[in-house]
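These notes are about the structure you will find just below.
Chain IDs A, B, C, D and E follow the sequence of writing; residue 1 opens each chain.
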Amino acid sequence: MDNCIGHMRQVTSKMKYAPKRLRKAKLGGFYKLLFRWKGSVYKLLWREALVFLFSYAIVSLVYRFALNETQKTSFEAFCIYAEEFTSMTPISFVLGFYVSIIVQRWWDQFLSIPWPDKLAYDIAANVHGTDEEARMLRRTMIRYINLGALLTYCTVSKSVKKRFPSLDYVVTAGFMTEEEKRVYLEIPSDHPKHWLPCAWFINLVRKAVDDNRIKSAPAAKTIIDDLNQFHDNCDDLYGFDWVTIPLVYTQVVTIAVYTFFCACLFGRQYLQLGRKSEQMPDGIDYPSSADIQRYNVDYYFPAFTMLQFLFYFGWLKVAENLMNPFGEDDDDFEMNWVVDRNLQVSYLIVDHIYNLQMPLVKDIHYD
Amino acid sequence: MDNCIGHMRQVTSKMKYAPKRLRKAKLGGFYKLLFRWKGSVYKLLWREALVFLFSYAIVSLVYRFALNETQKTSFEAFCIYAEEFTSMTPISFVLGFYVSIIVQRWWDQFLSIPWPDKLAYDIAANVHGTDEEARMLRRTMIRYINLGALLTYCTVSKSVKKRFPSLDYVVTAGFMTEEEKRVYLEIPSDHPKHWLPCAWFINLVRKAVDDNRIKSAPAAKTIIDDLNQFHDNCDDLYGFDWVTIPLVYTQVVTIAVYTFFCACLFGRQYLQLGRKSEQMPDGIDYPSSADIQRYNVDYYFPAFTMLQFLFYFGWLKVAENLMNPFGEDDDDFEMNWVVDRNLQVSYLIVDHIYNLQMPLVKDIHYD
Amino acid sequence: MDNCIGHMRQVTSKMKYAPKRLRKAKLGGFYKLLFRWKGSVYKLLWREALVFLFSYAIVSLVYRFALNETQKTSFEAFCIYAEEFTSMTPISFVLGFYVSIIVQRWWDQFLSIPWPDKLAYDIAANVHGTDEEARMLRRTMIRYINLGALLTYCTVSKSVKKRFPSLDYVVTAGFMTEEEKRVYLEIPSDHPKHWLPCAWFINLVRKAVDDNRIKSAPAAKTIIDDLNQFHDNCDDLYGFDWVTIPLVYTQVVTIAVYTFFCACLFGRQYLQLGRKSEQMPDGIDYPSSADIQRYNVDYYFPAFTMLQFLFYFGWLKVAENLMNPFGEDDDDFEMNWVVDRNLQVSYLIVDHIYNLQMPLVKDIHYD
Amino acid sequence: MDNCIGHMRQVTSKMKYAPKRLRKAKLGGFYKLLFRWKGSVYKLLWREALVFLFSYAIVSLVYRFALNETQKTSFEAFCIYAEEFTSMTPISFVLGFYVSIIVQRWWDQFLSIPWPDKLAYDIAANVHGTDEEARMLRRTMIRYINLGALLTYCTVSKSVKKRFPSLDYVVTAGFMTEEEKRVYLEIPSDHPKHWLPCAWFINLVRKAVDDNRIKSAPAAKTIIDDLNQFHDNCDDLYGFDWVTIPLVYTQVVTIAVYTFFCACLFGRQYLQLGRKSEQMPDGIDYPSSADIQRYNVDYYFPAFTMLQFLFYFGWLKVAENLMNPFGEDDDDFEMNWVVDRNLQVSYLIVDHIYNLQMPLVKDIHYD
Amino acid sequence: MDNCIGHMRQVTSKMKYAPKRLRKAKLGGFYKLLFRWKGSVYKLLWREALVFLFSYAIVSLVYRFALNETQKTSFEAFCIYAEEFTSMTPISFVLGFYVSIIVQRWWDQFLSIPWPDKLAYDIAANVHGTDEEARMLRRTMIRYINLGALLTYCTVSKSVKKRFPSLDYVVTAGFMTEEEKRVYLEIPSDHPKHWLPCAWFINLVRKAVDDNRIKSAPAAKTIIDDLNQFHDNCDDLYGFDWVTIPLVYTQVVTIAVYTFFCACLFGRQYLQLGRKSEQMPDGIDYPSSADIQRYNVDYYFPAFTMLQFLFYFGWLKVAENLMNPFGEDDDDFEMNWVVDRNLQVSYLIVDHIYNLQMPLVKDIHYD
């Protein structure tokens, strides 16, 4: 449980850092962005890059020291064949179209995050009364809203799930009472139950109308309409979690990129083509002079290939990162902060501010 | 009929598996996705790949053992011509644009699936009464909603159609009474009748207003507005089913991919070009040395061509898969689960939870 | 007039066929789609393809039999020049971007088709009364809605225009009375008058409120809001008809495709380049050996060029087909079916079903 | 002032032509579109094409007759260099992406044009009374709506601005009274004032509610909601006018196209490369035989380059044309027609038709 | 504080210039846009262009004068290697897809800017009374709306932040009273508080209903619905500021462009390849004649490379510019003008115009 409150603090302090980081980034020129580590392409790729370089070196060493002449010649022919393949693969289109779809989806997911502010305003405007029961009513209504959102996040977000591994944590954090937990667990349905707090909310609306705390039918309609929209947002998050981009598409793109760099392991090797053509075994044609040209300088380190690696693999990582924005990566949405902020702010609106009527004064432009 | 209930169980257990599968996929790196079978590009393509490889082998064997010198030379010229064609076909653009459109359409279809939750909330909030007739009223209203959706699914979804091959199954599953079936069949119209349950629903709304169970005009308006939106969603599903992507577009893309790999059958063959130029018959020019280069190593297995096959055909399969997402493929929407979940949850909201007013208590942050 | 009713039957039977056709297409693999005729790329293109092949043959024959040596050499140089041009034209991008826009627009047009179902529900729910005048009122209201839609279709759809060449046909089909026709024609405005039935509808709403058949202001609001949305849809169809994709864009794309294949007429000819270099006239350089290579086999039939033809021209035909989806092509929307279905179904909802209150019974899951 | 009424007539007759023109275009095949002049790519480009051809001829003549051998050789090297540049510039992508954005924006602008029909229906339905004051009230309300739209058009549309160069013309055309003009000018604000008629409209709504001409709060809500939407549309038009596509993007695209054709001026010249290699000055390498090949036929007229010119420049013209669709080009929206149509039709709805209650009769399908 | 009013004046005069500038741009042909400085690609790029040219010159001078023969040969081989890399990098796709996403986002941000006009109309229509308290009420309500927007702008816009560096400036400008500032600061929450003025607004709505200044529930609903939409817009702006395009994507694109021009620094150098092949050291193969061709003219200034620089870097600058449109660049939204305009216009609507009922007169078309 302590972990839960500690988490809140940690998240809050994290958030204070995050916006600053992002804002600074935008002000400078883009080139400053090249030297950032956090959330950067370097941080995401250094492992893969090392693996690639290591494999490249192994292949290179084997070719130079372990192969005999005949094997070398076969190897060289294979390298030229691989190089040809890399130049034929239209990897940039595939990535372009794929990433476009993923980015669109990522932003749609962000827009689907439900915020309780509107319902808090509705409740503050339409659920009247200053006695204790009215306060409890308003607070309970907005608590159900936050609970509905939280149960949704627990399904879709890994980080929220980690913070609230069971309903007990939800109860301890004040989103739910023990009684409510009991009822929740007793509902005879084995489908997800994130719709339940909204149903409780509806019951409260009916009760408030009966008790004449909600004084008119249009007022109730406002609240119900916004509840439905809130529930829609929760359902959208569920939908994004339930139906993902088809595996086939992701596999096709991933295969394209991995194959490309497997081919590069060979196709971008330095080849000692100027060796000794007279000793060549029969039956294997020697590469023509046009091809020899490409392989005539030995730089040991495949600099431009590494840049292509950064470039294509980085693009793939964009997709991988945005695929599940509710995780714990550097660029993922801070859902735990959202949970805390929403509970606090919505309580403030329906309760604290409700009773804090500002005096009506003339503004300075009042003639 | 047993089949129907058995199906429910089967679907439910399937669903329990499905989300887990998808979630795991997202957490690991993309490379893990390469080794998945279910819903994978390998599962979708192994048949086509075998056909291609078999044809490739046949062509290769005929070339090597069945043709005489003159025929071989003609064959080689044709292969070079075919290879040239493959490099000219901009297959990746066509696929890119086409798949973008299909993916957009696929997601729009998902968003068009009608959910009864909002109407259930509306009914729970606005249709008052705890007597038996009120319960029957609320249950019947939401049942009509579920029936309207089910009739729509029966038209657009192959798997729902399979589960409910006739109206008798719909009656048995409790979506419809015998009396309603009779009226449904007697309606003098030969157009689809999925709008009928909504019309019955409207009649019930009118009755509920007359009986003062719906107590205000705005309350009725809420229900009618959401019904109209629900009906819109059903109509959208119909629209997607009625008006498909024009056949021409699909044919153009399919022809492009099939032609490409037909050309590859020849263009990617190993050619014995170094044979004996002096025996060549007159009238046919021998390929120049630049072209010879490409064909000088015999790998028997066309590895990179197979990767291209996986790549382009996989992309086409993405389109084919998403074209009709209401079928029975691995990646299709589980509409039977949707049917069951919606009936259960909406009954719970309008009936079970309706009578389960939670006690109003102070939350733990209450000062 | 008989033609009108005959048309209804014909359309209905056509429709019964159409969905089946489309559904079957989706279930099989894509390759089945390659052998379909109706709505296919072959049906759309066989005329153009014959023209192209014929021209190709003429050019080929002239080259082989009518030209002398000098002319042949000039011709060959021109062919090589043309071939170079075809390889430089980025025809696939232009088509890709253009077709994307057209497809988007095509679907937006489909979504703009106004359906009267929602207004029928609104009327059934809110316009009370079982006497004869109430029936007439409800029927007339929904008739005006259908009339408004029909007048819109008459402007935008060629097939509806054909069925209803004048207002007399509209009157005969029961959408309008003679009296209404007279008033319609007398309205002192020379702008399109599809907004008129909606204005009549509004008058009826006012009358119904005055007569207390619409019993509350929110009820009237529901009807008026949905009328406005219905009118918006009609206006959108008008807009799509009035403002088309700019001619320039279409011309640019069409010029690109036609030019490409004009260049192919020459660039893809078999050239007898191996003839006799010693007899060449001075001043004209003979093509180098690299170019000779491409032309060294004579297949008589330009198989791969025809596939490209199918491919690019088919893509252009997709655009042409979707440009005006309210016509009479195989893939166009069946607007006459829409007209019939809407009139019938909306009458059923506001009149037949209105009086057919289903008895309230317990469903089978009722505990 | 006469000019104003004359304009109306002229616009009306223009419109009668325009739709016919567009419709015909769609019915025939696309190839008919190639021979159209109005709004065509030829009409838009003939000036630029002449400039290009003239420059091309000048360059050609200078090369052939004014340069000596050394200069010719330098010139030829430069031409080859330029040709290489043209083949490297990915002009079709840039144009594709840019034009996609512009087309999207163009259609969004069309959809933002505010139509008063909905407000006219609202007023006809909800503002009761047949006495003279009620008529004046309805007419004045809808007049304010038309005035608000007109003031917006005057800002964004060049052709409307031309027709109404000052408020006097607006008064003369009957959109405004002298008194209103006076008040309009006296409002102490130097920001655009298109929001003012809507504020007057709101005052009238309040007055109508007070006078019990608008009889219920939901009725007033309908009108106010639609007014707000109308105002939103006006603001959107302002927004499109205020914030244009960033200049940088347009410059980048324009530079790309202009540079491409500047390079073509040289790169596509016929070069006399077969001249006399032995006289070459030292220090300048002579182009290799592969390059010679491309320049070996002298056609005087750069036919295919002109097609590319039509093609790329036409694409750029699409963007230029759609950039400001409220101008006076052939393809621009006919805003003056919109102004006239809207005033007439909205007056008809709220006044003429209001008093023209159609008799309620049985339709022909009435059993 | 004076700075604040001075700023208003300065902004206003700036605005007067800005629209004119933009409008003129659209009227002339696109080619005029090539010679504009303000907001142009030249202004954005001259620094980077100078750096590139300077580096290019340094590299060139070192090659020509500082290297010995062996080093020169190595350098030349490296240059050819670099040139090959530039031709392989598909920089235009990456930029195309990336800029498309950025442009979409930029316009969505513009559409999210909240305007108070609708709420001002709602207040003018529904908050009745001409006494002093009613005036204060209406003014205070709309002031809170403007304050809510201002607090949002202060977070997302650098230029607004500069003008209002602390709440004191907000108070001085009349958006807030001292009392309100005190309460604002005392709210026990460390999350952003831009939701607070909206909560105050809600309190005023409740008070106005209680005092019978808002006379009906639908009237209150109108105001609350539009407030919620206004708050949504503020939240959207927050969202765009909080969640930016992932850093990885931006880095990938930036790396691609920078790498491309680093490679150009070498790959586009003039190489003295015709020097003296006989003196070549062993072990390094001399470039073949095909490659020599490309480097055989020395133009000193890399003209076409500079055009490519303008082109690709300009495209990148488009993205950089649109990334944060609330800054102080030439093309950014003038948020300070928005602040001033909104306060003035909304005060005018709810107060000045409210009391200025226009007399009802017959329009000139009144029969």
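The rule is short, and it goes like this: contacts are C-beta pairs under 8 Å (C-beta built on N, C-alpha and C of every residue); 3 or more make two chains touch, one makes a residue touch a chain.
Since the model is a prediction, treat every value here as computed from it, not as a measurement.
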Shortest walk length in steps over touching chains, chain D through to chain E: 1
Fewest touching-chain hops separating chain B from chain E: 2
Same vs different contact residues, chain C with chain D, by half of numbers used: different
Whole-Å gap separating chain A and chain C, where each centre is the average of the chain's CA atoms: 40
Interchain centroid distance [CA atoms averaged], chain B/chain C, Å: 24
Where chain C touches two or more other chains at once, by residue number: 93, 96-97, 100, 217-218, 221, 290
Chain contact topology (line, ring, star, complete or other): ring
Complete ring sequence of chains beginning with chain A, oriented so that chain E follows: A, E, D, C, B
In the complex with chain A, residue positions of chain E that touch it: 74, 77-78, 81-82, 84-85, 88-90, 93-94, 96-97, 100-101, 105, 133, 135-137, 139-140, 143, 158, 174, 177, 179-180, 183, 187-191, 195-196, 198-200, 202-207, 217-218, 220-221, 224-225, 227-228, 231-232, 235, 239, 241-252, 254-256, 258-259, 263, 284-285, 287-288, 290-291, 316, 319-320, 323-324, 327, 347
Contacting residues of chain D [partner chain C, same complex]: 12, 19, 22-23, 25-27, 29-31, 33-34, 36, 38-41, 44, 87, 92-93, 96-97, 99-100, 103, 107, 110-111, 115, 117-118, 120-122, 124-126, 128, 215-219, 221-222, 226, 274, 289-290, 292-294, 296-297, 299, 304, 307-308, 310-311, 314-315, 317-318, 321-322, 331, 333, 341, 344-345, 348-349, 352-354, 356-366
